[in-house]
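Chain lettering (A, B, C and D) follows the sequence in which the chains are written, and residue indices restart at 1 in each chain.
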Amino acid sequence: MGGSSYGTIFKITTWGESHGKALGVVVDGCPAGLALSEADIQPYLDRRKPGQSRISTPRREDDEVEILSGVFEGLTTGTPISLIVKNTSQRSADYGEIASYYRPGHADYTFDAKYGFRDYRGGGRSSGRETIGRVAAGAIAAKLLSLLGIRVTAYTRSIGPIMADLSAFDREAILRTPTAMPDYHASLRAESYLRDTMEALDSAGGVMECLVEGMPAGIGEPVFDKLDACLSKAVMSIGAVKAVEIGDGIKVSEAKGSDNNDTFYMDGSKVSKRTNHAGGILGGISDGSPILVRAHVKPTPSIFRTQETVDKNNRDISVQIKGRHDPVIVPRAVVVMEAMVALTIADALLLNMSAQTEHMIQFYHRPLL
Amino acid sequence: MGGSSYGTIFKITTWGESHGKALGVVVDGCPAGLALSEADIQPYLDRRKPGQSRISTPRREDDEVEILSGVFEGLTTGTPISLIVKNTSQRSADYGEIASYYRPGHADYTFDAKYGFRDYRGGGRSSGRETIGRVAAGAIAAKLLSLLGIRVTAYTRSIGPIMADLSAFDREAILRTPTAMPDYHASLRAESYLRDTMEALDSAGGVMECLVEGMPAGIGEPVFDKLDACLSKAVMSIGAVKAVEIGDGIKVSEAKGSDNNDTFYMDGSKVSKRTNHAGGILGGISDGSPILVRAHVKPTPSIFRTQETVDKNNRDISVQIKGRHDPVIVPRAVVVMEAMVALTIADALLLNMSAQTEHMIQFYHRPLL
Amino acid sequence: MGGSSYGTIFKITTWGESHGKALGVVVDGCPAGLALSEADIQPYLDRRKPGQSRISTPRREDDEVEILSGVFEGLTTGTPISLIVKNTSQRSADYGEIASYYRPGHADYTFDAKYGFRDYRGGGRSSGRETIGRVAAGAIAAKLLSLLGIRVTAYTRSIGPIMADLSAFDREAILRTPTAMPDYHASLRAESYLRDTMEALDSAGGVMECLVEGMPAGIGEPVFDKLDACLSKAVMSIGAVKAVEIGDGIKVSEAKGSDNNDTFYMDGSKVSKRTNHAGGILGGISDGSPILVRAHVKPTPSIFRTQETVDKNNRDISVQIKGRHDPVIVPRAVVVMEAMVALTIADALLLNMSAQTEHMIQFYHRPLL
Amino acid sequence: MGGSSYGTIFKITTWGESHGKALGVVVDGCPAGLALSEADIQPYLDRRKPGQSRISTPRREDDEVEILSGVFEGLTTGTPISLIVKNTSQRSADYGEIASYYRPGHADYTFDAKYGFRDYRGGGRSSGRETIGRVAAGAIAAKLLSLLGIRVTAYTRSIGPIMADLSAFDREAILRTPTAMPDYHASLRAESYLRDTMEALDSAGGVMECLVEGMPAGIGEPVFDKLDACLSKAVMSIGAVKAVEIGDGIKVSEAKGSDNNDTFYMDGSKVSKRTNHAGGILGGISDGSPILVRAHVKPTPSIFRTQETVDKNNRDISVQIKGRHDPVIVPRAVVVMEAMVALTIADALLLNMSAQTEHMIQFYHRPLL
């Protein structure tokens, strides 16, 4: 256990601390024969890199991924794919002070409560750098999905009170704006909002959203492993996320059945829905409409104001956190959400291949070599 | 797989369809020596029974639980506890018609897409009756937790636009009102709202909330199996839930760090927090404050208005659903949420027992017999 | 956990004690669309019934199986299949005495050491009746395999020193002889041997073997979940088994490489092997030859001679076990071995469907409805 | 899946191919607070190194382990421990030829059948080098066990027909002889036997045994996860193993119950057994006696004689394998067996901590910080 593995067939195990020698992930169960190189993975890691704009921390993290196993002559072999990213620029000195107390909003206290002590350097395992392994593995899942015509896209929907205008969804803007918003104008306003927030020695939260297009119907397991239940876990497991919505999400609690039900109709020979309040999932199984997941992210807990807290000797103290911190987590977490959703969908698709007796018979009547 | 198992150490497997011979659950991994009888479980099942008021379906479901294994001389033995509830009053005739088409908002279409066909009687495995196994198992988890001084309480927070007033939280009202609200006044207003909704041949959604009091700090695994991630999956796996929040939930996206951080202070010799925006979980691990989970439930999809849909032969049709259906799902789902949360917490507590080398050494230096 | 679940995709959970109300199994992950009724399962249970000959216990066990869920209109639905067998003729009185002491060769002491106490009636969960769930589930797996042209056959190879002559393998004899030997003559000699053993108030061991014919090559996972590793666990988990062999088994330790290597050759267009020392598995993956597994079973520990042991109050005592017991376990365990092998093979086949990217692409380009 | 993970709480995931950049393992779920450095692990890896004597391959493998995560200030932190061993001296040129055909006794054919192609360099993932991760992880498990007074010792029992004399068991000899036998004299004879075998361009098999001393009673789960079942899987998953025995193993099939039953007696205040035919496990749960596991290992399949086989184009061919190969696998596999047994025992001990309600109550009444 230990909680660092995710997935049933497409299964990943991440490892590494903020200031250790390296971080990485082992992907076991990726089907053989997928063309893969570092060039498929690096762009995803680059999207979570800091230091790319005024609104992210000026820390430099040159997170270069290396494939250590599981790929031969450019193709996955079906055996574990080990990916590593070396830690190059971490300076433990920056963080020495926090060894002695519990930062509000961080996991310092809870790690001590669980394990008796903690690797305090840069947050150790609870650092945002833990997501490197998720993103690297997610890039592989996303490539696999692309071969099936499935596209996973995450973006920033809002930062603090500033909402992106989704009616003018600009896919390119997601990669080009420092906020990862699909809307250049909203992004500028959000940057201005973040500057004000930083000047006030404060931090902001926001909302990110993820869209899965091209999903076949019938994916997901009933009861406990419903596709939306798995997606919720996947997304809620990302550091600062405090709420997850599927489709209309929180709005359903005030809706009427007559509004919330999506009407089925025939779109040519395809069963379709006139609306998508359900967010592409009915009874835990995909219905063929796009899947929509939304996550609410809390403000960065590291703020520069003086805060009250307690130290390891159980004394009340005042602290002022130093170092370099993003004023908002969302823009760099967007690619983490995209990775977690891609991993969940890939796993569900692989698992679903064994759902029908008839498919099994067809499969094994096919010559295997 | 198949998705009908939940948990790692305290692990349950549910089975049964709405109109099959019986439904049940096997609980494997419940520690030995827990005093247990049907009397511990039946009250939980009674809370999800319909027919108890005007605002729930007049269908009768006398769901009487029987323990078939795993208990000897009044104590759990450590081996699987098999619980069964026989289906007595299900009449398949009521549902024959829905065999031929896909009800909007239901899982009819997605089950066909996944499995090629479905048990259409009363929704089959996707029926709300599937939760019987969850609730029966959850009652055992709750009893185990009570021995550790941990209390799990779920209740209705709102139905449609009618909110319970939590400042006047009345625990007794949860069990006494037909809405499961902890507020008699709000409950009366909600009942009136539901009557209007029914008259309009429509249905309502709502919000339910679950509180875990008495939690020790240090419970939950980091990274993928964070306690909040597990709780999200647990709660989102309940039929009509479309959003899950932890602590302040969706509010965090517009909060500032200076507001959202919970300040630590010493409460005597105990590390405490002055606020609980985090909902009792930091970095995926419990912090000793009460855990708060919130779930948004969609309106009952079975409404009596004429609806457009498609049939199994891919033709557009109009349908009018018959039968007896709750105008709102929330009041009967509250105990299901309580069960899922209790199961998740019990499992996390058992898993956490092996987190420290020192504890392992102490354990095995204790005489075992 | 608790250890009563087996399998990854085709996953079973058994429950029940020797003298409880019932025993059963939940099968989750069986593909939808398999024709199934009690008539497919009962013959397997009948093969493990006692009281069928002089060499098995005269206890009557009318183990009649009932399907409670997961089958609709004669086909599996993809949801959990719950099977139950009620205990009808168990008399606790027979076993009351053994509550107070530890029978040599039994699990009485170890259950007390683990759980603090035990259900002592008839061995409780450690009784041979625990295998009812395995056999019932195995019958379903065997039916699934039969549709793929795979046949699993277990039989008694020897009882004490009496070996069946496999060169005159008689499949019919397995079901007709009281020993489950594929050889009528050896069976008669084994019966005579067992009569002598019983007269001497003693018991005998034996060897059982299982053959899997029609296996495709390429099944099994490398490293920890090798097909032979999984088969070993499956077979060693049966009560009295103390050794498991694959193919030539223990003989390999004295063989030379030049003898033990199986030479490949082309048999028409099929890659074949001139010998099968490997027992159909190379590197943990099936090679297309028949799979051969062998299990060594200890003598029934319940013997009628006076034995030394200790009681629950830690006193040395002499005991004489009463009741009715088989003089040899093997004949009734043969069908349990067949079940465990069928379950393992079915699961491996389902898991293997997701091994290649190309197969995944083909699968999802096929219309799903 | 993919089969490269092992364990439930103490869980490892190995990765790497014979000729890839590196091999390694991620250990998740090791309790926090265990003192650990590379110096604890390297001696275990050194025991599986070749090139140490005339009877092992002269290939050089300087397998130096590095801890990349999960250890802070000399103690495990409870988070994943990533271990890496870089491949330094692998020359792919040696193996290029085997790309085109299937070596008898190897997994070349079965990997192609499963995945469509394979990394043929040095056997890829099916190489003996795969065991590096197992051994490195096993060293950690062994250290944890040592703190509980549990010692795991594996050794060579026989090579071909040459048996070690266990009545003169010499623990030191295991590490000092090139055969890993606990008997210097037998070792010399085995070396002589191996020289003859090599001259005959042939290879030998053998038997290895593993002893677990200091086990508490009560460890292991009933039914499918019996301790002996888990040990069987663990040991059978090692490359060339074809049979596994527990305690008396294959001898039980010809024994009588009166001989095979181990008599309990009081040894002071401790329940003991006068004999240990059971090998320390009754009903799948440890009984407090030493655990004994035996494994039969096939002769090295790579021999220098001309062999018949088929190539990838399905043509019958003759081949002569080149390169450097051990004439016997056993001496280097002994530490792999020790590792797999240690991992299995450690996991079972951790899992067992949650077996009793009373222990859980005691645990959570202890202050956690």
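Structural remarks
Definition applied: a contact is a pair of C-beta atoms (placed from the backbone, for glycine too) under 8 Å apart; a residue touches a chain by one contact, two chains touch by 3 or more.
All of these numbers come straight from a predicted model, not from anything done at the bench.
Counting C-beta pairs in contact, the pair that comes out ahead of the other among A-C and B-C is B-C.
Counting the residue numbers that touch the partner chain, subunit A and subunit D have more than half of them in common. Measuring from the averaged C-alpha position of subunit C to that of subunit D gives a distance of 26 Å.
The geometric centre of subunit B is 37 Å away from that of subunit C, both derived from CA atoms.
Between the Cα centres of subunit A and subunit C there is a gap of 44 Å.
In subunit B, 1-5, 8-9, 14, 29, 32-33, 78-79, 113-116, 125, 216-218, 222-223, 271, 351, 355-356, 358, 368-369 are the positions where the chain touches two or more neighbouring chains simultaneously. By the touch criterion stated above, subunit D contacts subunit B in their complex at residues 8-9, 29, 31-34, 76, 78-79, 144, 147-148, 216-218, 222-223, 271, 349-351, 353-361, 363-364, 368-369.
Contact residues on subunit D toward subunit C in their complex (touch as defined above): 1-6, 8, 14, 102, 104-107, 109-111, 113-116, 125-126, 130, 158, 160-161, 197, 200-207, 216-226, 228-237, 239-240, 242-258, 260-266, 269, 271, 274, 277-279, 281-288, 296-303, 305, 307-310, 314-316, 351-352, 355-356, 358.
Taken together, the subunit D residues at the contact with subunit A in this complex read 1-5, 8-9, 11, 13-17, 20-24, 26, 28-30, 32-33, 66, 68-70, 72, 75, 77-82, 84, 112-119, 121, 124-125, 368-369.
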